[in-house]
Structure formats: C-alpha cells, structure tokens
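Heads up, the thing below is written out as structure tokens.
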Amino acid sequence: MTDTVERKSLTREDLLDVYRTMRTIREFEERVHAEFATGDIPGFVHLYAGEEASAAGVCSNLDDRDTIASTHRGHGHCIARGVDVAEMMAEIYGRRTGSCHGKGGSMHIADLSKGMLGANGIVGGGPPLICGTALAAKIKGTGGVSVAFFGDGGSNQGTTLESLNLASVWNLPAVFVAENNGYAETTSSTWSVASDNIADRAAGFGMPGVIVDGFDFFAAHEAAREAIARAREGGGPTLIEMKFTRYFGHFEGDQQTYRAGEVSHARAELDCLKRFADRVTETGELSRADLDAVDAEVAALIEAAVEAAKAAPLPTEADLLTDVYVRY
Amino acid sequence: MGDAVVGVVANPLSGRDIRRLVTQASVFPTAEKANMIQRMLTAFGAVGVHRVLLSTDLGGISAAVFRAIGRRRGQEPKYPRWPEVEFLDGQPIRQTAQDTVDAVRRMVTAGARVIVCLGGDGTARVAASAAGDVPLLALSTGTNNVFPAVREATVAGLAAGLIATGAVPAQGADGVTARAKLLEVRVGDRVETALVDVATSTERHVGARAIWDPATVTQLFCAFAEPDAIGLSAIAGQLLPVARHDPHGVTMRLAPDAARQVLAPIAPGLVVPVGVSSIERLEAGPVHHVDARAGVIAVDGERELAFGPGEHPAVRLRADGPWCVDVAAVLAASARLGLLERVRNFNPQGG
Amino acid sequence: MARNITYREAINEALVQEMERDETVIVMGEDNAGGAGAPGEDDAWGGVLGVTKGLYHKFPGRVLDTPISESAFIGAAVGAATAGLRPVAELMFVDFMGVCFDQIYNQAAKFRYMFGGKAVTPVVIRTMYGAGLRAAAQHSQCLYPLFTHIPGLKVVLPATPYDAKGLLTQAIRDNDPVIFFEHKALYDMSGPVPEESYALPFGEANVVREGADVTIVTLGRMVHTSLSAAAELAASDGVQCEVIDLRTTSPLDADTVLESVEATGRLVVVDEAHPRCSIATDISALVAQRAFGALRAPIEMVTAPHTPVPFSTALEDIFIPDAQRIANAVKTVTGWNP
Amino acid sequence: MNPVTDERIVPVTMPKWGLSMRLGKITAWIVAEGDEVKAGDDLADIETDKITGTLEAATPGTVRRIVARVGEDVPVSGTIALIAPVGVSDADLDAAVADARAVIDAGVPEDADGAGVPVVQTADVRGRKVSFAGAGADGDVVLLIHGFGGDRDSWLFLQEPLAARHQVYALDLPGHGTSSKNLVAGAGPETPAGAGPDAPAGAGPDAPPGPDAPPGPGDPAGLLADAVVGVLDAIPASRAHLVGHSMGGAVALAVAARDPRRIASLTLIAPSGFGRQINAGYLRGFADAQTRRELKPLVGQLFADDKLVTRQVVDDLLAYKRLDGVEAALHALLDSLLGGDEQRGDSAAVLAAIGDAMPVTVVWGRQDQIIPAEQAQAVAGAVRYVIEGAGHMPHMERPVEVQTAIEDTIARAG
C-alpha cells in the first residue's frame, strides 16, 4: 500500500461537520416527509433518511476537485456536498429561488460549482457521467476523483455495469458506491441482484469490491477514504457496497406493504446518528452538549429553509422558455 | 427420522471486507459457498447422515441450495442421495454476526452432533461461542484465516458425517476431536472471545473492522502462533511459535521503532516489518490487563470493542475452547475401521 | 485556400484543427484509433470508416478507444463535457442510439434546463446515418427526427465537405450538446474546402440553387438528389426549382423556407427518413401553418416508405428517394389544377 | 463538321470573368436575331457563379443567330451568338451554329484548368503568408490591391484583359482572401488563442517582437503596405504600377510614399482618405454581419445596381468572413479606417508628400454609396474618371472603362 495520499484522522471539527451533515440530512428528510403529507410539496420525493452515514462517510473524504453523481434519492448527497439547504428546500417546493429555479425539483437538484452533478431521475443515469468527469480529471491532471452513488436497483442497470467496465479499462479515478437499501421500489435486492452482494460484481470488472455496514459512519468513512485515496493515486476504481435500509418508502405516499418490521429495528438498534453520537461521546471526542448545539442549529436551519421556501415566489411564464440552450 | 444430524452454517458476508480494497485480499463467491454445501450434502448422504440443518441468509447461499434441491425433486435416481435438509428460517435475518449465533444455537437445540461452519476466523469465532460442546468443523471461505481449514468440502463432509453418525466416535481415543484454546476479552460488562489472537489498536473506532496497519497495534495476545500463519499471529509465529495443541499461548508488545523487527504477512497481500519490544509465553488462566488507556480491541483480526479511559480491558487465555473436528484424524480412523469399504450390490438404504 | 477534399477528410481536418486550437477537445469512440490492446498497429482503423485516422498519433492521450459500451462512453463524454472538456464522441451508427439514448436525451439534453441554467455541456456526438451501403435495417436509418424532437439538443446534417468542416467546427465550439450526422454515402464526395478553420453557424439553411417556380426543402444526402432533379427539370421542362438545404434541423431556419415558399408558392419536401413524424412532416406543417396563403398547390413529400431499410440491392434502391420521384413530385405541384 | 469558312461571321463568345470561371449562363438576351448592334451595346445578361454581368458587343454588325438558350450553361469561350453581315448565307450560319452547339453540348472539358491559369504564389511577410496570383508574361508589372473585406477575385473582370499587355498580379492583403488573417502585432503566423502545449516555443502571442517587428496594433494599415512591398519583392519587381481600390487605394499611396521611385503609376479607384465622409454603417455592418440575411443588403450598397449581387457573391463573402481570424482582422482595420463615423486617414497629405513623382489617376463610380464620388476632387493633380452607372465597385460594374483608365495611366508613365 502506498502512502502518497495522506490519510488524516478525523479532528474534532471534522466530527462536528460530519454530525452536522448527517443531522441536517435527517432533519431535512423528516421535515420534507411531514410537509409532503400536508400536500404543499408537488411531485415525486424520495427520502434518504437512514442512509446518512453513506453520503457523509463518502463526501467527508472529498474536496473541491471532486465530483459526485447522485440518484433520485439525492437530498443526502446534495447536503453532504454542501449544496445550499434553503435553495434545496425552495427547489422541492418548486420555487423560483430554488437550486434550479424550480425547473428541476427534488430529482434534479444539482450544483456543479460544488462538484454535485445532479440528482438523477434515471436509475443508473449517473455512473456513465462520472466516468466522464473522472476522465476529465485524469486528462487535465487535477487529481480529482469522481464518485457515482447508485442503489441496488441501479446496480442492475446496463449503464452501471458498462461504467464499471469502462472505468477499469480506462483506469479512471472513480469510486462506485452502491447504496443497497434492500429495495428497488418494492422489489427486494435479495431477489433482484443475482450475485446477492453487489460488491461481488467488482471482481468481474477487475476492481476491488467491499461491503460496508452502511449504518456505521466510521466504516463508511474508512472504506471511502481508502478507495478515494487509491483513485487519487492512480490505482483505479473501487466498488463499495453500503448495506442498510431506508426509513421511508420508495417515494412519499408509498404505503410500504411489501416491507416487514425492519425499519423499527433499524431505527432502534442500528441508526447511524445514534451510533455516531454514542461512539464519539464514549470516546470523549465530542460531548453531548456539542451534539445538542448542532441539533439546535440544524433545526433552526431547516425551519428557516421551509419558511423561506413557502414564502418564495413561483417561477413565471417567462422562465418556461429560458435555459434550454446556452445559445440557440 | 434418525438422529445423525449435522448443522451447517455459512456466512454470506465473509470475504468482502475492506481488505479487498487495501490489500488485494481474495474474494470468495457466494456461488462457491453454495457449491461447497452441495458437495458436503453428497458426502453426508454417502455416509448416512439423516438430516442437515442449514442456516438461512440473504446473501443467496441457502437460496442456491434450495434451488438445487428443487431441481433434484422427482429425479432422485439420477443423483447421489442427499440427506433431508431443513432450512432454519422463520427468524429475522439482521445481516450481522447475531445471525450466526442464532443459527448455531438452534442447531445445538435441534440435536446437531457436529456443526460445519463456512467462513473465516470471524465466523468460526462467533459459531464457537454458541456451539457449546458440539464439535465444530470450520472450513475457510474468508480472508484472514488461521483457524478454519482450507479443505475440500467433500472430504470435510465425509469427516463431519462420520462423526454425526457415530461411525467414528467423537470422544474416542483417536484425537478425532480436540478442544481449542480460547482468548477471552472483558471490557466492563462486554465480553468477546477470540480463537487466534487479540490485539489492541490505537484506532479510536471500530470503523471498517479489519486491521491492516501494524503501526496501530500495541499489544498482541495469541492462543497459538504458527510459523506459516497469515494475520497478526504470524508475527509471533516467526519469533516464538506456539502450536494449536500446546497448553500455552504467546503475548507481545509492539512498537514501530523497536529494535527487534520481524517481517510478517499480517494480512493477505501485506508483508511488513513489525517492531516487537517484548515477547513472552502466555499461560492459560491469569488475567492480563492491556496497557493502553483508550483504543480498540480487535479479536481474530477484526476491531470489535472500543474502550476508553478507566475501562481497563482484561485478556485471559482459556483452555476450554470449542471442540474441533480433526478431518485428517477422522478419515484416518475411518481407514483403520474400514468404514468406507463396501461390497458390490451394497444397498445404501439398508445402512 | 480552398482545394478539393472529401467529406471524410473535411471532418478529419475539422477535428485536427480544433484539437490543435483547443487542448480540451478529445475524441473517443469504438475503434476511433483502432487496435487498442491488440498486437498490431495502434491506429489501425481510425474509426470504422477511417474518419478519425491519424489523430491518435497527432494527439497523444486525447484519442480514446472505447469498449463496445455506448451507454458508458457516450455518458462519459457527456460527463466530461460538464467537467471542462469538449469531447467529440463517435456513436458509430445512429442505429445504436437504442443502447445509449438515455445519456443523450435524458442527461445531456436536459442538464441546463433541469439545473436552472447552471450546466454547460459542450459535447459533440458524431454519428453515421443513411441508406445506400446495403447495410440493412439496423445500420442504415435516418433517425435525426428523434433527436430533433428533444429540446436541448442541436442536430446537424452536413451535405457537403465544406459544410461538414464548418459545421463540425461550430459543433465543437458550441456550448450545447450537438448531434452531428454524417451520411455514410457522402464520405467519398469531394468538394472545395478552405484549409483554414471556419465555423458555420447553426440555424442557417443554405439555398443551394435558386429558382422561382418550386421550393424543394431537403437535407443531408438528399440535397444532391434534389439538385439532380432540379437540373433535369430545368433542362427538360424549364421548371426552376429553389433547393434549400436545411443543414441543421435544430435549430431550424424557418425564415428561409417560408421566404422561398412565399415566392414560389409550391413546396416539395425531400427527406430520406420515414414519412411519419419526420422533418418532411415538420416542414410541411410549418409551411401549411405560416405560408398557407402563398401556397398554390398542395405540399408534396418525397420520403422513404414506412418500412425498415431493406437489404437487397433491388429493394434498397427503390427505398431511397431518387431524382425521378422528386421530379414527379415537382411536376405534381406545378401541374396542380384545383 | 465543316469549319467556319466565312470570315465575315464573328462569333460572340462566353467571356471569362475571373480566373475560376469555367461556365456562364445567359439569364436574358437583350438583343434578338436581326438586331443591328454597335460596339459597346449590351448584348446579354450573363450569370456566373460569382456575379451577374452584362456582355457588351466588341464589334458592330447584325446579330444573325442566337446560339445559347436562356438558362443554359455555356463553357467559357463557347460561341453564344453569331454576328455577320446580311450577305452571309443561312447555310454557312447554320453550319457555324452546329459547331457552336457541339461545344456547348460537350460541356466543360475535364482538363479545363490547364495551361494559362496563373499559379498562386505566396510571399512571407514578417511571418505572415501573403497570397498573390499573376497573369501575363510580358510588359510592365501591374499590381492590383483590393479594398476592405475584398480579395484578389474582385479583379476578375480586369486581370485577364490587362494581362494581354502587362504582367498583372493581384494579391490578398493580410486579413483577406487566402492570406494570413492575423493582424496582431508581434504574432507570426496565426497562432490560435488557447493553443495546445505542442505549439512551438516563440510562436505564441507572448513571443517578444524581433528587431524587424511589424507595426503595432494601432497600425494595421502599415502592415498592409508591408505586404504589398513583400509581394513586389517576391515577384520580383523593381518597378510596378499600382492599382488600389478603396482602402487598397490608401495602401497603394502608402507604398508609393515609402519608395516613390519603385512605383511607376498609381490608379486609385474610390480611394479612402480623401475626405471625412464615409458610409460607416456599411463598414461596421460588413464587419459585424453574421448571416446572409444581414450581409446581403450591405453588399448591395457596393453596387449601383444591387441586382448584380447574386446569392453566390454573398455566400462567398460569408465563407470568407467565417474563416477564423477574419472578424478580428476586419475590426482591427475598421479601427484604423474610422474615427467615429468619419474617415481617419489623410490620403491627400500622403499624396502631397509624393508630389508629382508618378502619374496618378482617380476613378470613381458616380453612384458610390460608400465613399462619395465628390471626394475625387480632393485627389490633387490626378486625372479623374467619374463613371456613370457604377457604385463603389466600378472595376466590377464597368470593367471596360476602368481598364481604359488603367491603360491610359500606364501609358502616361511612359
């Protein structure tokens, strides 16, 4: 193992940032869940709650040179990449002040200036794109790494499998993060993923594949740290499978009659925020008061985001025709 | 229904941890785990095992065996006889080590006379903790494997079957089963066991579990240390080898800048110099407190227990580890007894 | 200075000049060099019909062979475009869009709009189209209407070597995703092309022949078939056809079409694609809606039939619109007597 | 096939208007069979792929036969009509028509670009490529200098006729035609912005100017004069007659001022710099125009009769304007030509400095909409021709009269 890329350990500030990220995602999603039920939020909304450790664990290893591509369940990745939360909320409400001026919605929040190549309404849409951003980083010599998040459903798409192959053939600085939350819509991954473990497919593409407890921030962070360092050093792509479950349905409104009781078990026993808080307070790295302060800060942030979103103007008819092309 | 019962537990997650990424460790495919069980079923059937209790999993191993049984249904004459297979379902599967514990407990309760365990050191350790006095036959399908044997499953299946049917008595004088040693770690009221080694690490979190950076290891306790081992026990194996059947173990303090350095394969694909500041025999019985104030305890190469100031983890070598089947000894006994000899027209149904 | 080179050479020259001019331009596609990983030459083909020949050695590291994985590498070109490169990806035959269309129409085309104007995706997808090489149903189609339908894409179909170079140059410099259609039967066509770089703007139709009697609107290879028909008609019947090469179907130069029909009062649309939901129907609808008062005869369309492209020489020759069918259509509109 | 034996039959042939012309098409016959014509009478309107022009009668007589039909492509020098006295028999005429038809029907021979077509040459002027083409083997050297946005093809009606008695060269000024487009000081050959890492050291825009550094960015006109001198050196010509149009007239003056002994005569056609007034809207519009729709009405302003502007003329100009570097070059020149909406240069002062070192002629189209013909009065000491029925491009609209002016000027130089 080479050591040309520094594996720095997490400082107190890092841990606070990580907790803030995961708490912000959780609060954001719980709030969207509640607001959706009131009927104020249009369209399809897919919530990330339960999976926070993956977004935070991976993105806490990234910097300005790096790019991620996300999924339809993309709020967590956006927040972990630093996309403005108020603009995200406004976008979900379809407001002109939203990240995409109300033209994208929940499934298309993006901020290329933050290395966030977009949530994506197409399952398996992201992996080919990050092959491209990784290629650009490689050709331009920026040292940037690109990360594709996709789900167990996306893992079965030809686009994803082709991208794993291409990334290996071109030896791209890429990391493929399979977020296996157990269900593609209603369909169990134990049924739909023939290799059962998504990570097992990595061997077929000549890259390492590892399974990580997706509820454990430290496990996710460490695996991502190694994979990203390897990619930065020119070692090529890695496939990481995060195993966990989502706390909400496929989309808001899903009655989830296909599920058993795993959510209450996960919330009670496995929850990433709870585990993280327990761990860092046990080790004394952070105090309960530190965490409470972050909780309060995040609650205020989300409250303000919702209030601002509700009060924000809607796009106008003139906005309908703009930004189709740079120039036409 | 007879009482020649074998339990088979297979860990679907073994062989997939971060060492695939950091040390190019091998991948053990799910399909091969399922194939191993099928080869064992043939061996079990050949020596007259009545019933097999098989753990269920979400990784696809039990599902593959189930499909194989389905394909045979109605076409049995074309295939070698398999025992009846009972799938231990009905319990929630958590995709954690607890699944292995639950399965082994059910096998013991259901009267298994031998338990075959497919996995690595970690799987064997967890299975052993639940097996009580039922002999264990650990087969390697993992990464960092010292404890389980790398054996053809058919041969292992014959050995397990001969024990289960009583054709080779488990407690006979031939040494076909023997007690392994055990390392016990206590941190407050938390207890973990290890079959090979216990290490203290300066890492603060369990994280991705595996240990691959020797600089983080400060203290090492080994139940045995073979010179040809892979993993942390290989460090001791080159300096003060201890056999599985020796009554004692070995303990060391490590420091990267120690004068004494040994080149050791501490993980697959990782041969590194390790500084050893002290090494001594570890006798069974006495309690050793670890030096570090805070850190993580790794058992059999996996970080399991984090501890903080005031917790003072304690390690003890015990002689009363799990009973383990010695495949070579079983089949040697079988040879002496002529158990696999047959006359023509032998009817296996009459056995 | 202008000298005669082929359509293939014109495309190659545009690639060379743009790659020299801008180091962010890269080229990728199946066999674009040819021979990656193989024991022989490593610029063996230069594309399946030799269009990218010679680039590999001229621009080390910027001409990438790809696995046969259109989704992955077309998507990679799109992704790379968002990250500061100007990739020119080759989709060998447009018929293969079926295995990568998502990356084009759901990703590249929509980024800018979906992301509220925050994305720029300067990707060019070069692709071969058209019948005439006995390549049968899955290697001969004219699928540009499908791309033209998608907001966010620009669709370009050069008919001559001059246009090929200038339009490809513009496509590479353009900041929007461009689908660049190359007719495989035109690659050996020769014509005058300046040695210097130049960019032809999109959305400007080319009046390739002026005439007062009938407007023929066409594109791609059919420009030449239409010109043949127009020359024959002028000689035999004295009918003067104005032939308009659309050059780009998105953006569309509606004004040139409408101005011409306003003058001639008669329209024949000639399109090698199938007749339904096509450029032919689109132009017909445009004129019917916006120049109805000028029309002195019903609009005629000359297209391929609503069948897959056949293989046999005997069938493909009648599948492709020819000058005789165009001339007949022109005679129909000139002879119209209400 | 009988050769035409009756020498009284004078064929009217398809003219060759420019080096690249191979075919012409009669768009209208102005005369009919039986009409009497005198020299200079209009015979027919002829369209080439470059321009539409009117063919004038060279000899008087009766138009006995019209050979070429309207709309028909006729090879250059193919017979399109026969002029003959009444005495020539119908049979002889029919035989001549048959011969002529055979030529027309045969079309353009494959090797039409054969001998006699001048080879294009290039001169290297301070690292820039300057293209020029010559015709004619004997006589004085005449160098034709086009104007703003033009190229050597603008002399298509003049170069060959003049070449009958002179060595006639036409160049493409830097920024025009096929010459280098880069007018930026210090840069050698075109080095694109953002050139790749493979660009040779010193060739980039950052390279310091050498001892022979060309004029700075504020003096692109000086660079044009350099190009003319460079072409004279490359021909090589120790003495030459210069013919300059519009901006090219000012360039010719500048060259003459640098070395009056080398320039035998000056013919200035609608030269710039002899007054303040100019059609700045045209100049800016031409430099800015991006589409045919924008360009066509502007180009029409160049001519007294804007119907001369064919689609091909506009397309060729657009093709030129779209070459990399042209837009920048035109704007650089524009800045040197215009101050506000007025002309910046002072050609009268340059001319005064030259004094009477050489004969000077000025030619202007009466209907010039770019630079008013009145400015001809400011060309002190010059012989003046103001041509009716011509705009800013008399050498295209009235080439015969311009040719006469040039020949007279050359003759005055002795």
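Chains: A, B, C and D, in written order; residue numbering restarts at 1 for each.
Keep this in mind: contacts are C-beta pairs under 8 Å (C-beta built on N, C-alpha and C of every residue); 3 or more make two chains touch, one makes a residue touch a chain.
What you are looking at is a predicted structure, and each value in this text was computed from that prediction instead of being measured.
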item	value
Path length in the contact graph (subunit B to subunit D, fewest steps)	3
Comparison of C-D and A-C (more C-beta pairs in contact)	A-C
Taking each chain's C-alpha mean as its centre, the one farthest from subunit C	B
Central chain (distance from its CA mean to the mean of all protein CA atoms)	C
For subunit A paired with subunit D, centre-to-centre distance based on mean C-alpha positions, whole Å	67
Rounded Å distance, subunit A centre to subunit C centre (Cα mean)	40
Separation of subunit B from subunit C, taking each centre as the mean of its C-alpha atoms, in whole Å	65
Distance between chain centroids, defined by C-alpha means - subunit C, subunit D (Å)	36
Of all residues in subunit C, the ones touching two or more other chains	none
Category of the chain touch graph - line, ring, star, complete, other	line
Contacting chain pairs - touch in the sense defined above	A-B, A-C, C-D
Parts of subunit B lying in touch with subunit A, wherever the complex brings them together	12-13, 16-18, 20-24, 27, 29-30, 58-60, 63, 92, 94-95, 204-209, 212, 270, 294, 306, 308-309
Complex contacts: residues of subunit C adjacent to subunit D	1-2, 19-23, 162, 166, 194-201, 204, 206-207, 210, 234, 238, 240, 255
In the complex with subunit B, residue positions of subunit A that touch it	1, 9, 190, 195-197, 199-200, 202-203, 208-212, 216, 218-219, 221-223, 226-227, 230, 238, 240-241, 243, 260-262, 265, 279, 282-285
Contact footprint of subunit A on subunit C as seen in their complex	24, 26, 61-62, 64, 66-67, 69, 71-85, 87, 99, 102-103, 106-107, 110-120, 151-152, 154, 174-176, 203, 251
Complex interface listing, subunit A residues touching subunit C	67, 69, 98-104, 108, 110-113, 117-118, 120-122, 125, 127-137, 139-140, 146, 158-159, 162-163, 165-166, 169-170, 322-328
